[in-house]
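Structure first, then comments.
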Amino acid sequence: MLRFIFGRLLVLIPTFIGVSIIAFAFIRLLPGDPVMLMSGERVMAPERHAQIMAELGLDRPMYIQYFDYLVGLLQGDFGKSIISKRSVLTDFLTLFPATVELSFCAIVLAVALGIPAGMLAAVKRGTWLDQTIMGTALVGYSMPIFWWGLLLIIFFSGYLGWTPVSGRISLMYFFKPVTGFMLIDSLISGQAGAFKSAVTYLILPTIVLATIPLAVIARQTRSAMLEVLGEDYVRTARSKGLSPFRVVGLHALRNAMIPVITTIGLQIGVLLAGAILTESIFSWPGIGKWMVDSVFKRDYAVVQGGLLLIAAVIMIVNLVVDVLYGLVNPRIRR
Amino acid sequence: MKKFSTLVAAATLATLMSGTAWSKTLVYCSEASPEGFDPGLYTGGQTFDASSRTVYNRLVEFKHGGTEIEPGLAESWQVSADGTVYTFKLRKGVKFQTTDFFTPTRELNADDVIFSFERQYKADNAWNKYVAGASWEYLTGMGFPELIKSIDKVDDLTVKFVLNKPEAPFLANLGMDFASIMSKEYADKLQADGKMELLNQQPLGTGPFAFVAYQPDAAIRYKANPDYWHGKEKIDDLVFAITTDAAVRAQKLKAGECHVMPYPNAADVDELKKDPNLTVIEQEGLNVAYLAYNTTQAPFDKPEVRKALNMAVNKQAIVDAVFQGAAKVAKNPIPPIMWGYNNAVEDDKYDPEAAKKMLTDAGVSGLKMKIWAMPVSRPYMLNARRAAELMQSDLAKIGVEVEIVSYEWAEYLKLSKEKTRDGAVILGWTGDNGDPDNFLDTLLGCNAVGGNNRSQWCSKEFDDLVKKAKVTSDIAERTKLYEQAQVVFKREAPWNTIDHSVGFIPVSKKVTGFKMDPLGIHRFDGVDIEE
Amino acid sequence: MAATETKTAAPPSGLAEFWFYFSRNRGAVLGLGIFLVILCLAIAAPLVAPHSPSEQNRAALLLPPVFAKGGQLTYLMGTDPVGRDILSRLIYGARFSLFIGLVVVSLSVISGVLVGLVAGYFRGRVDTVIMRLMDIVLAFPSLLLALVLVAVLGPGLVNAMIAISLVNLPHFVRLTRASVMTERTKDYVIGSQVAGAGTLRLMFMTILPNCLAPLIVQATLAFSAAILDAAALGFLGMGAQPPTPEWGTMLAEAREFIQRAWWVVTFPGLAILITVLAINLMGDGLRDALDPKLKRS
């Protein structure tokens, strides 16, 4: 097992270097330099422009810039924002918990609803219930979530006034972040109502972000389940007179879990992609919104560092999923 | 040390917690994250709102809701007869804010003033490069490095600015955000601690609100400065809730999650006006949007051609479609609320027939041109694409074929400056200091060709007038010169002046004393809120 | 030689068999129907659209749809802020969305299959390099990568399509590679190899046709995903640029009217949803129809 993990880690190294080259190269290729953006409609003298480019180290040959960057990376220096001048890593660490919190809630929602729905559909295969569930799942799977988010805001926040529009918690509450997770911090703070407030702010973004994974998980569960239900040992169990739900619960579910776990693992990338849109719509202060804003602000350093950090997170998550998968199913370890 | 900081945190928490019970909190839904907190480094309005207009003061201040100058940290000042020496008498007993990150030991003095400026232009000042790529955009843009000969301390409360030449707009420039006065004592301490970058993260000044905390991309918190020289503010806590989407901001305001919001969508204004809990404050902006022809290229080098094109465009239609009426058609390059505006100037009349004839008379037929449309929304031009599409269909009616082009914003700014640029460019300007010089010379002067002068237009007649006005100190005299300059401008038509936008700020009815500023800044001094 | 040719030629009952399985899935047939309607609308856009997509009627700005108060019969779905007919723009928009889907799928299928074939057929070092490269692409969230790519290439429809094709690539490469690796060792391949078939012939004529089923299913999914991604990019302001009546771009432009004119927000989104849903329904049917074959081979 250790060897398996170690092997996986080794493979990550060239990938990570490749990722760093790509992140670096992209950003150098962006048209329009950030110094020009600083001045906006106002005009900067060419000499001054050159001087600032030099101060930012943007005038040196690419490979030297890359080398410096790599050396910095090894020392844990992901660069500084060209605009705010804050450290990219610090900003990432401040904003990342917000994304994790949202993604975690979304995946929990997706699993909590998706697996039972998929199982129900499989057991009741061919009935109107199956068709309704699968139809809904397909609609969810086909949903343009940016539009979905807008509709939910119009209806629940605008028309009904049930949920807050954007943010993470009512601004009435203020406490120093301890974990960065608003749900936990609001409990720690001990302020009355803070936790409830944090929950109400989470509802809509969670629904929006969970939509696609929920649909995928429901569909996967159903087909994995159907496959397992068709297998001999389940048929045997059923012929022995076990009730269908008992069969499902005991035997089939465990065997159907393997493809489902993989799907959940694969959804992390999808989730982060979805987070970009969801966070933009709900002004959720996470890394998705941070990246989009930085792309538009041409903040080279942030886009570069952010891409790299996000890629690292995805690679680590995939590694963990791989390892878990290996634990559940020793055959693939080889 | 750790124990201490926990203590401080606990204390802050305690004040804030008890605060929720009785303190007055005003929430402002701001439009973007501040770039940082040192106003000298940046140009974004959201940065100024979050730093210079809350935490800091300046020697002179713009009157709240206007562009006139009034005493700020300087109680009074004198200008020498030749207009090159300005002597400021500082207010006595002005205290810097006491926060959990710094406790000042002395009051404001001349050293603070000198530090605040010298750091921005003296290359040998330790603070000149305290962050990588500090461009000191505004100070440089206002020409201070060439203008200022020296800044001298006469005594603790007297500072003397010596200029290389007379400059009429100088005093107004000192009211601008980059001229905010910082605490030298605080800066020295940061320098000694080796944490200079904190100056841009934890601002400390003499202003009405003291900085408490910034949660990136989410919120900024301030508390009223109890030692404010103007007296403590009526509200206790001020929160900026950063909300980049205008539609979301409007939703939050309606839901009572914030009390004031800037830049609503033009489309939402009517709806917001109907809301019984809101008041929508209206203020004509100190701005202009224009279409600048490249006057160095044929056939746009002929004033008749430019005039004909101007006459073919229905500007009212642009104002209706882009601003839903929330703008005024512009006839002069400066906005009507600015002194020196020449209302006697007649705009080119919308008349496609006459325009077509003028074009034929000028010997132009089958004209093809490019119109550059900005990729971003600015207060003076919310949607340049849409405006360009309207111009395109208008110009098609007189037989001019228009191709709309756009570039990424930084590219756009750069390429549009080039003298050989192909096509007319949509752009605009928001005034910095309320002085006509800031529009007329900055945007149309001969020395701005290849730079801010996007029409590459150099008229000696026009230039002489604005250059003379620049060194004249008598306002009546200057007004006359600027009025003449506007007549020349209209005759020569280097631009099609499009619009001056009207700004709206929807405010909760609970809020009193909020005023909109023509300079596009948002101030919360003098504001109160009923519970 | 002759043996390989009979192998590649589809059995005469293939299409009928396919349709038999496909039509058993009522959803798939429905999806196909909707898709055909959208396709016809897109092709015949100039004939069916009541107005030109760029014609501005300045007397009819932000008119509500016909069934709402104040709507006019000439503008069934109302008008946008510069007085263009939303229905006509949506019909023309269908052209863009289908075109995007087609281009993206073609680009990523062709290049993905080529690369995947090479990797799966030759294995060894080539395979390792290719798969590492694909890992790198997969290490970024697809939308983020596409967003940055478009920012680099410059916002616009063409660049958006290139970016989306690129981020789609690894899926096709992996899928092709996996199928090729399974097929590679099968008897019929070894047989034709022994019979003296050249590498190219083996790759394209012998192995590839037998890997098509999963590719077709994946291509259908990629088609709908491409439409969604392009719309998302358009929504973020990095896709097709206005005044192109691309649905996502229309949504982005409409965003400021979310409070005042629900129809400019609702209809483009609905158009995206319906199109993507129809294609996904078809995809499900395709999978059902092609799956039994897969199992038998």
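Residue numbering begins at 1 within each chain, and the chains themselves are lettered A, B and C in the order written.
Simple rule for what comes next: a contact is a pair of C-beta atoms (placed from the backbone, for glycine too) under 8 Å apart; a residue touches a chain by one contact, two chains touch by 3 or more.
As the structure is a computational prediction, the values presented were derived from the model and not from experiment.
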item	value
Geometric centre: closest chain by C-alpha means	A
Chains linked by the largest number of contacting C-beta pairs	A-B
Chain separated most widely from chain B, comparing mean CA positions	C
Rounded Å distance, chain B centre to chain C centre (Cα mean)	46
Gap in Å, rounded to a whole number, between the CA centres of chain B and chain A	38
Separation of mean Cα positions, chain C and chain A [Å, integer]	24
Of all residues in chain C, the ones touching two or more other chains	151, 154, 255, 258-259
Per-residue multi-chain contacts in chain B, two or more chains	245, 251, 407-408
Chain A residues counted as touching two or more neighbouring chains	31, 153, 158, 280
Partner chain C, residues of chain A touching it in the complex	11, 14-15, 18-19, 22, 26, 29-31, 135, 138-139, 141-144, 146-148, 150-151, 153-154, 158, 269-270, 272-277, 280, 288, 291-292, 295-296, 303, 307, 310-311, 314-315
Contact set on chain C toward chain B in their complex	54, 56, 58, 61-62, 81-83, 151, 154-155, 241-243, 255-261
Contact set on chain C toward chain A in their complex	27, 132-133, 135-136, 138-144, 147-149, 151-152, 154, 224, 228, 231-232, 235-237, 248, 251, 255, 258-259, 262, 265-266, 268-269, 272-273, 276-277, 280-281, 284
Chain B residues touching chain C - in the complex, by the definition given at the top	245-247, 250-251, 265-268, 270-271, 317, 320-321, 324, 375, 385-386, 389-390, 393, 406-408
Residue numbers on chain B that touch chain A, as the complex places them	9, 12-13, 16-17, 20, 25, 27, 33, 35-36, 42-44, 129, 131-135, 137-138, 140-141, 197, 200-201, 213, 215-219, 221, 239, 241-245, 248, 251-252, 254-255, 257-258, 407-411, 413-414, 417, 427-430, 448, 451-452
